[in-house]
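Letters A, B, C and D mark the chains as written, and numbering starts fresh at 1 in each.
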Amino acid sequence: MVVDTQNEKPRHRIQLNKVGVKDLKTFLITERSGLRHHIIPRVEFTIDLPADLKGVHMSRLVESMTEVISEEFSIYKSVEELQNRILDALSVKHGFKRGEIIFDFEFSYASKTPASRKRTWEVCDITASTVKAEGKPNIHCAEVRVIGNTVCPHCMANNHGLTHMQRAVGTLGVEGTTDQIPTYGDMIDVIERSFSSPTYSLLKLEDEMHVTKEMYDNPLFVEDVCRNILQKAKEKFEDLTLEMYAEARSLESIHKHDVIAQGQIVVNGG
Amino acid sequence: MVVDTQNEKPRHRIQLNKVGVKDLKTFLITERSGLRHHIIPRVEFTIDLPADLKGVHMSRLVESMTEVISEEFSIYKSVEELQNRILDALSVKHGFKRGEIIFDFEFSYASKTPASRKRTWEVCDITASTVKAEGKPNIHCAEVRVIGNTVCPHCMANNHGLTHMQRAVGTLGVEGTTDQIPTYGDMIDVIERSFSSPTYSLLKLEDEMHVTKEMYDNPLFVEDVCRNILQKAKEKFEDLTLEMYAEARSLESIHKHDVIAQGQIVVNGG
Amino acid sequence: MVVDTQNEKPRHRIQLNKVGVKDLKTFLITERSGLRHHIIPRVEFTIDLPADLKGVHMSRLVESMTEVISEEFSIYKSVEELQNRILDALSVKHGFKRGEIIFDFEFSYASKTPASRKRTWEVCDITASTVKAEGKPNIHCAEVRVIGNTVCPHCMANNHGLTHMQRAVGTLGVEGTTDQIPTYGDMIDVIERSFSSPTYSLLKLEDEMHVTKEMYDNPLFVEDVCRNILQKAKEKFEDLTLEMYAEARSLESIHKHDVIAQGQIVVNGG
Amino acid sequence: MVVDTQNEKPRHRIQLNKVGVKDLKTFLITERSGLRHHIIPRVEFTIDLPADLKGVHMSRLVESMTEVISEEFSIYKSVEELQNRILDALSVKHGFKRGEIIFDFEFSYASKTPASRKRTWEVCDITASTVKAEGKPNIHCAEVRVIGNTVCPHCMANNHGLTHMQRAVGTLGVEGTTDQIPTYGDMIDVIERSFSSPTYSLLKLEDEMHVTKEMYDNPLFVEDVCRNILQKAKEKFEDLTLEMYAEARSLESIHKHDVIAQGQIVVNGG
């Protein structure tokens, strides 16, 4: 006979917000518009725990996820759809008022060099999460982080056109219901167009000249890049209803530290 | 004549929440009760930026910090006091409605092995921050992360006393005004007493037997450790007014992933 | 007219061992025995630079890799084969005496829970490299890192069968020519059988009992795990000619630090 | 009666190169020329293990280190001197043919801004190790990593003086006997003078102009920076006998990846 320790009374009756697994790596496949993505996400999957229960049955969380991921004949068309299914599967196995599943993963996409038009492969970082709470529609958050650059307009204005520039990271996060989340490709496009210039794995000499010219023509503070991301996201996603936030981070070439700018905005496409 | 690019109008009039430096490493000294600590924090220091200004004068942030840290004849007795002074110094150089400074650092403390009573040195991780907002008292957050262990009570109950155990990390965060923040030593003590057993750099055989016995005598889920931290903090800091949160994370020995539990609580010592 | 700065004389005539790109992320596909793997490696790709040349044409390294990866109608059956092809492609575009390409990536594989026989997905870390040097066959190094656990036999022997246990990481590296490198699956198998017990993403109660029993039946120091890996690799790969090394690392549950053991061995299957 | 499991015969008679502790954090103080440094190193401390012994007595390693660090009335004047003492202390407690101790830590130093001459605090990363092997003098390795920048000379030559620039990391490693190891300050100085320009935590506008001008006047590939470090170290340490290696790494502003150059050299001051 099994002793169900998790269902005993806890010594201290304190409600817990999040209990579950973290830094679990697994494997899944999505397919949208004929593009198949194999993803190895780092997973955090948690539920709330009432004050009068000692523990969560952790294996039911992992089992729900593994069963949904391994189902044959069903390729999910988005991470959001997959996460909805996992939370639905869990709700049959384990009670919760609020469940949340977060995937962190790398995402690859094809690009073209700007002048020589050669093919390149680029990779960005994504965090995608879903919250299922009693009596509410599921809410997703998709955060995309892409590398570009910044060029200092203050130094340029005071230094006869010469200035410092550096690698930068742009972040766009969007939060909304399942049918409102844009594709990662559209989010990447917004971020790349917000830098002094986008960056590429491969640049032949003519491409390098092109990127360098674009940088000098387009000097931007992190403050400018952050506002660009928010403004361009607002325009691109004007038909959607989303809370959005952005960050620009610059790995300063004249300092050992970074500089950052963060902001947020709401679009209401309804 | 200097062109003051930062004071120009931005292209997109969007207010930004946080603009400043990140991952800046610096050096400072605190001294309390005769104990001197040299600290090399990783710093994030940001202010808000109104919608109609293009940029923040970043060098004024760094200058405020460097001046306060380098002042001679003044050793600060706590990180909170030092951060208050830096934010005050900045408010003379640069306008802001909300300023925030965050230090991440390692903190060393002496301990004794549990049976042989030899001296050991232990190190934990700390994040300490201060927010200065218009018309409000400064609010600090101190978060301490200490390594201990957990022992699975469910496996023990179903397996004739045999069970799995593992390294764990306990976190306690407290938020309050300057005179309410406890010492790091008291926070470390709360966390260490919340595990199945505390851990030590040095353990002679008799100490190892002692720690192992304590572990088997005290099987705890992460849920239990998290609640222990909250309960013991509530008791220890009952005379203070603080918002508190805790996390326990277990680096499962039978899995490749971790399990976590998070909760929060308020003490009102007034 | 293009100025070819790289071909100028350097200020200081010092030969350099390795010049190239690092932490470049790209995307590739391998397929062996019907199993297709999408991989996002972090790449280091370098060549030597003679004392009388100022620089390497870095874009030719990236171009060689991108062209080989993007070729249609050709799926590579192993990372080694792919890396050979990239180094061959580079040797047409750029002179070098020694070229080296290193991929770091995560690798997923299906497993079964030990008692309930449910499917699980496991993920390990791999570093795979190829060196092409003048007048020698290409040499590959494949290093696989898998998570398992250790159980202390010294504490068990002195403590009436009670002991501490913890998560551990086992590493096996093999070095040899293209036709001698074993599959990652065989290397994972060697490592998993060398721990006190392997670990799993998913464990139902009966599996947890099974794993815990295996751990108590099989107490091992990191020294034992390291020697197990070397011995089992020697037996499994006895028909191959390889230099091999191993490491076991234990995330001690009674300490805040890890313990490690490293060794090496040669098998000569000729 | 204690069972000494470590002294039993192992199942597989394989000699191990390194057995010991890793990622142990401790606390120590050095003082040279009146400058006191509190250091929190991450420690790896290992010895070899003969084929016929099952295990190392790990606690003796930690005990040797803790006793030497905690001795009163004795402040060590260098990390090398301290590491020699720890290895000597261990050799009394535990047999070994080869012992190695490695400290990784952050090191802070005061600097001046280049034009306004204000004080700044800078921080670099250091790895310092000592090997004690039978019948040989102790050999130390000191590796210092400092942040600066690079400016592309190829792009500048082909683009009417406009070019891209970026943050860079310079590394200098030296290996020699106790009396040959230079100070960290001298090693930092060599690296800082090898970049297009050094970097600073604090830069007022006049400093920023100064640094930017220096960058455009001094375009350098990573290959140039690496050779500069080796050449300047050779000149600065010409009276010493050292094996030296260097790396320059550039966080390219036009790419998502880094570029690196590595070389080595010997100085024989005898």
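What we mean here is this: a contact is a pair of C-beta atoms (placed from the backbone, for glycine too) under 8 Å apart; a residue touches a chain by one contact, two chains touch by 3 or more.
Note that this is a predicted model, so its numbers are computed, not measured.
Engineer: Contact counts by the stated rule: is the higher one at A-B or B-D?
Structural biologist: Counting C-beta pairs in contact, A-B comes out ahead.
Engineer: Tell me which chain's centre, taken as the mean of its C-alpha atoms, is farthest from chain D.
Structural biologist: Greatest centre separation from chain D goes to chain A.
Engineer: Taking the mean of the CA coordinates per chain, how far is chain A from chain D in Å?
Structural biologist: Chain centroid spacing, chain A to chain D, equals 36 Å.
Engineer: Could you grab the centroid distance between chain B and chain D? Build each centroid from C-alpha atoms only and quote it in angstrom.
Structural biologist: Roughly 28 Å separates the two chain centres.
Engineer: For chain D, which residues are shared contacts with two or more other chains?
Structural biologist: Residue numbers touching two or more other chains: 2, 24-25, 123, 158, 201, 203, 205, 208, 255-257.
Engineer: Enumerate the contact residues on chain C facing chain D in the complex.
Structural biologist: By the definition above, chain C touches chain D via 2-3, 5-6, 10-12, 14-25, 43-44, 46, 49, 54-56, 58, 153-154, 157-158, 221-224, 226-228, 230-231, 249, 255-265.
Engineer: For chain B, which residues are in contact with chain C within the complex?
Structural biologist: Interface residues on chain B, with respect to chain C: 122-123, 147, 149, 155, 158-159, 162-167, 197, 199-201, 203, 205, 208-209, 211-213, 215-216, 251-257.
Engineer: Where on chain D does chain B make contact in their complex?
Structural biologist: 2, 24-27, 37-38, 40, 59, 62-63, 66, 69-70, 106, 108, 118-121, 123, 201-205, 208
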